[in-house]
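Shared chain: chain A. Partners: chain B in the first complex, chain C in the second.
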Partner chain A sequence: MNASGSNPESGTLGASNPEYVVGRVRSRRASLFADEDYRKLIRMGPSGIARFMEESEYEREINELGTRFSGVDLIEHALNRNLAKHFQDLLDWSEGRLYDLIARYLRKFDVWNLKTIIRGIYTDTDPEEYQTDLIRAGELDDRTLDRLMEADEIEDAIEMLSRTTYYEPLMAAYEEFEETGALVPLENALDRAFYERLLEDVSRPPGQEQPQEGPEARYIEFLQAEIDFRNARNALRLARSGADLDPASYYIEGGVLFEESELNRLVADYDELIDHIAENKRYGDRLSGALDRLRDADSLIQFEHAVDAALLQYSDTLSSIYPVSVSAVLSYILAKEREVENIRAIARGREVGLDESEIEEELVIL
Partner chain B sequence: MIEALADTTGLVLQETVEESPFLTDIGAAALAVGLSALAAGYAERGIGAAAVGAIAEDDDMFVPGIVMTVLPETLVIFAIVAIFLVQ
Partner chain C sequence: MAKDVKPTRKNLMEIEDRIELSERGHGTLEKKRDGLIMEFMDILDKAQDVRGDLADDYDEAQKKINMARAMEGDVAVRGAAAALQEHPEITTESKNIMGVVVPQIESSRVSKSLDERGYGIMGTSARIDEAAEAYEDLLESIILAAEVETAMKKMLREIETTKRRVNALEFKLLPELKDSQEYIEQKLEEQEREETFRLKKIKEKKEAEEAEEAAREAAEEAEATDEEDEDLDEVQPDTAAQSPTGN
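Showing the complex of A and B:
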């Protein structure tokens, strides 16, 4: 890695870019909604939530979109747009190594956008209808996304991505798509391309020595946790649904929780799968509460929320161990996403008439 | 012959050292102040960047930002004490 300057993340000697970015990010982190705000929001209707948002961070988005949308749609689009704005800011501020580490993580929005567009093309939906669902926070610029939306065939869209990293995996998956007509291979290919590039050139190939301490090692640990939780989630879903799908096609490499070979065996046996997660020494303690609940009740959603909360808490811990490092930015990204998801859950929950305690169960609160 | 030359140069060097030392007390103190100022500047580099970031987000951070930024300046102030000690 580039070890110039006092900060490993700083690309050029003497540039205090990480300090600047972390300073701004921490300030934004502090202005996120607190847990009490969610309790307040739970008691409001969609228009009340929109008004509450108008008085906060989301003022500009609510005002811009207020004429075109109303109710829950307004909230949802304002949230997406605000999220995109904040994450685009992160990329604007940072440079050098820090930019690379942040962009690598934010590519998950590229994956999200591509999935949305492919689904849109597949169902022949008018781009106007789904373009507000895009979160323009990734590396693909607006022009590329707009052009992609205009494509008539999925193949044309893939062709437009020919200079990106998604091209080859998508091309490989496209053949399978043509045979089966299901979008799953394409979506899996995108997910994999994202997660596998996540650890590229940060972590050493197996066999070589991994960085043992310092921010870099923790960054890897964090990404591994993310991959592990994603694998765990997929495995649990597969085990629960009992669908006859090949677990290996959902498996993402790079984690420490599952081996590809064990996954096939574990998915077949639900209890053993939970035991396997509980026995893992890295995550067992952190997820024990959630796993107990998963054993007793059939609440997969609760478990997923517990996993989200565990990841968020973990990134918070990291950002206090290494104050000036990419961990602070990652913990902000996660916290912001959580906020957006929570508000969306509240708004949607109110819309369909869930009562307060039911909505509260849907929230990720630390 | 070279040895002889080395001897004489050594002698010459010694003589000059005796006449005017490499560092006087005042000179050493000045060096201390200079180095500490450099250190303070290096420390302020990161703090200043972070402070500007915080101010960009929130104007109220201006005063705390300035206070934090100039804190390492105390290094130089302590180093100035050295000047008074040697005078």
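Showing the complex of A and C:
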């Protein structure tokens, strides 16, 4: 494990190797499933999809996991394992500042794994049962994850993370966890730690000028979009639920869409919240269709769908502006994630009996 | 049964009391049965609505969970579900509908707000929320259906029992009691007639005997009178012979 949760060789962007990484990423990107592959998959059943995957990029994972899983579970675990392998490769290839920029985004898998382990300990589940749910694509190495799974108490697991960035937020939330007995504070602390570290060291502190142009400026823009979309999703969920929760405690700093001070007022008025998002210059146009539907519909799913598509489009645009930069890598990460989500959606959708048009509606394809 | 009863006046009175009680009970049970049927019809309407809602809620919950499993993945859905240890609480009380004790199920902690579902809000999606919400609604419907359907079954059982009792009274007990009553009345009348006839015979016999006695006595009396006359006749000539000289 990287003890601090950041790259030991972290340095400036100049010390990194974007050309090499982007070159390799480009070839990986070329092997992603194309639109016509999805169209073929939609017409297949789960076993057909598994066979199709066996003849593709996912051959190794399907064969490795074929003895333990079957059907859609095999597909889902193979997808997760393949995703982890590809993202680990990115971290292995990259150096210096580029490593740092990629790693901070891939830490969401550390957060996923930590949440899975904490839930396992919380429910006293045998680690054997949930270890395949881990997506080993983050910075925490296998040994650390295996040790964490052996912990008997959540507190012991948190102690094991004492040299990582997750330790302090988890310790701070632990008291509330003890009081309430619910995992919410711990899970929120982990997610917050991820989002708040996304822009750490990248965006300049107030007073210092942010880079306006160049790959780093676009990278910041992308991360801000990620944070803004997460804030928008959470604000809309809070507004829709009508629960008496303090929106500020779910606010992630670093975005440009909301100010913490205005969030309380916006969450209290659903229409005003939608207007606020729609009027934003940066995102209004991209999300206008979804926001219009949101005014009439009861469900947030279409909006989340639109947000995912917008983010994917965002990263794709950025990678075409600066093809030899972290943006190209980030764009690949998002595209790969989307591929995994699309294949999983098709397989699960077929399993649960969704028809082709319903599945097609749910796919995010650029 | 009627033949087993001793045709006594005491038994007749007892049977008459039982008939009166049974008829009163029959009337009350009929009213209870009709009342129960009316209550049952109300509950049936409610149960049909609840059943319909339950089916809709189940379809909706299945749809939402299927969508969540498809879009978020089974692993994410399972993970979110594992983040909650607390189970909803169900308490049962009872209420009385026309003598039938039916359950009243109260549930708590079924519908939860976003922060009570265990999983973190920041890292999850609306699909998980909607699936959780749909299952909370489904659970509420199941609890309501359990309450209404248990009440319905209990009412139905009670209606059946009451109906059987009414029928038993109407078609078995009361006819049998009435048969017995009729039998005893007939027997008693018969006995009365026999008694009257017997008394009449006795009276006739007695009168005949009396008449015979009287006749015999009259005959004896007549005979005695005749003898006396004869004796007097024998004594009188002597007396006559003496008397002219005597005067």
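Rule of thumb we're sticking to: the second predicted complex is superposed on the first by the 349 of 366 C-alpha atoms of A that agree within 3 Å, B and C clash if a C-alpha of one lies under 4 Å from a C-alpha of the other, contacts with A are read in each partner's own complex, and residues count from 1 in each chain.
Please note the rule applied: a contact is a pair of C-beta atoms (placed from the backbone, for glycine too) under 8 Å apart; a residue touches a chain by one contact, two chains touch by 3 or more.
Because the structure is predicted, anything quoted here is derived from the model rather than measured.
Chemist: Report the partner of chain A that touches more of its residues: chain B or chain C.
Modeler: C
Chemist: Looking at A:N80 after the superposition, I want to know if it touches chain B, chain C, both of them or none. Which is it: first, second, both, neither?
Modeler: second
Chemist: Is A:G349 contacted by the first partner chain B, the second partner chain C, both or neither?
Modeler: second
Chemist: For A:V324 in the superposed arrangement: first (chain B), second (chain C), both or neither?
Modeler: first
Chemist: Is A:V111 in contact with chain B, with chain C, with both, or with neither (first, second, both, neither)?
Modeler: In the superposed model, A:V111 contacts chain C only, not chain B.
Chemist: Once the structures are superposed on A, label A:V22 by its partner contacts, choosing first (chain B), second (chain C), both or neither.
Modeler: Touch status of A:V22: first partner only.
Chemist: Report for A:E187: first if it touches chain B alone, second if chain C alone, otherwise both or neither.
Modeler: Touch partner of A:E187: chain C, not chain B.
Chemist: Quick check on the output: what are the common chain A residues between the chain B footprint and the chain C footprint?
Modeler: On chain A, the chain B and chain C contacts do not overlap at all.
Chemist: Which part of chain A faces chain B closely enough to touch in the complex?
Modeler: Residues in contact with chain B: 6, 14, 16-17, 19-28, 31, 93, 324.
Chemist: Residues of chain B touching chain A in their complex?
Modeler: Listed in rising order, the residues of chain B that touch chain A are 45-54, 56-58, 61.
Chemist: So in the complex, the part of chain C that touches chain A is made up of which residues?
Modeler: It comes out as residues 66-67, 69-71, 73-75, 78-79, 82-86, 113-123, 125-127, 129-130.
Chemist: Using the touch rule from the top, collect the residues of chain A that touch chain C in their complex.
Modeler: Residue list for chain A touching chain C: 72-73, 76, 80, 111-112, 115-116, 119-120, 122-123, 125, 130, 133, 181-184, 186-188, 190-192, 194-195, 230, 233-234, 236-238, 240-241, 243-245, 250, 252, 299-301, 303-304, 341, 344-345, 348-349, 352-354, 359, 362.
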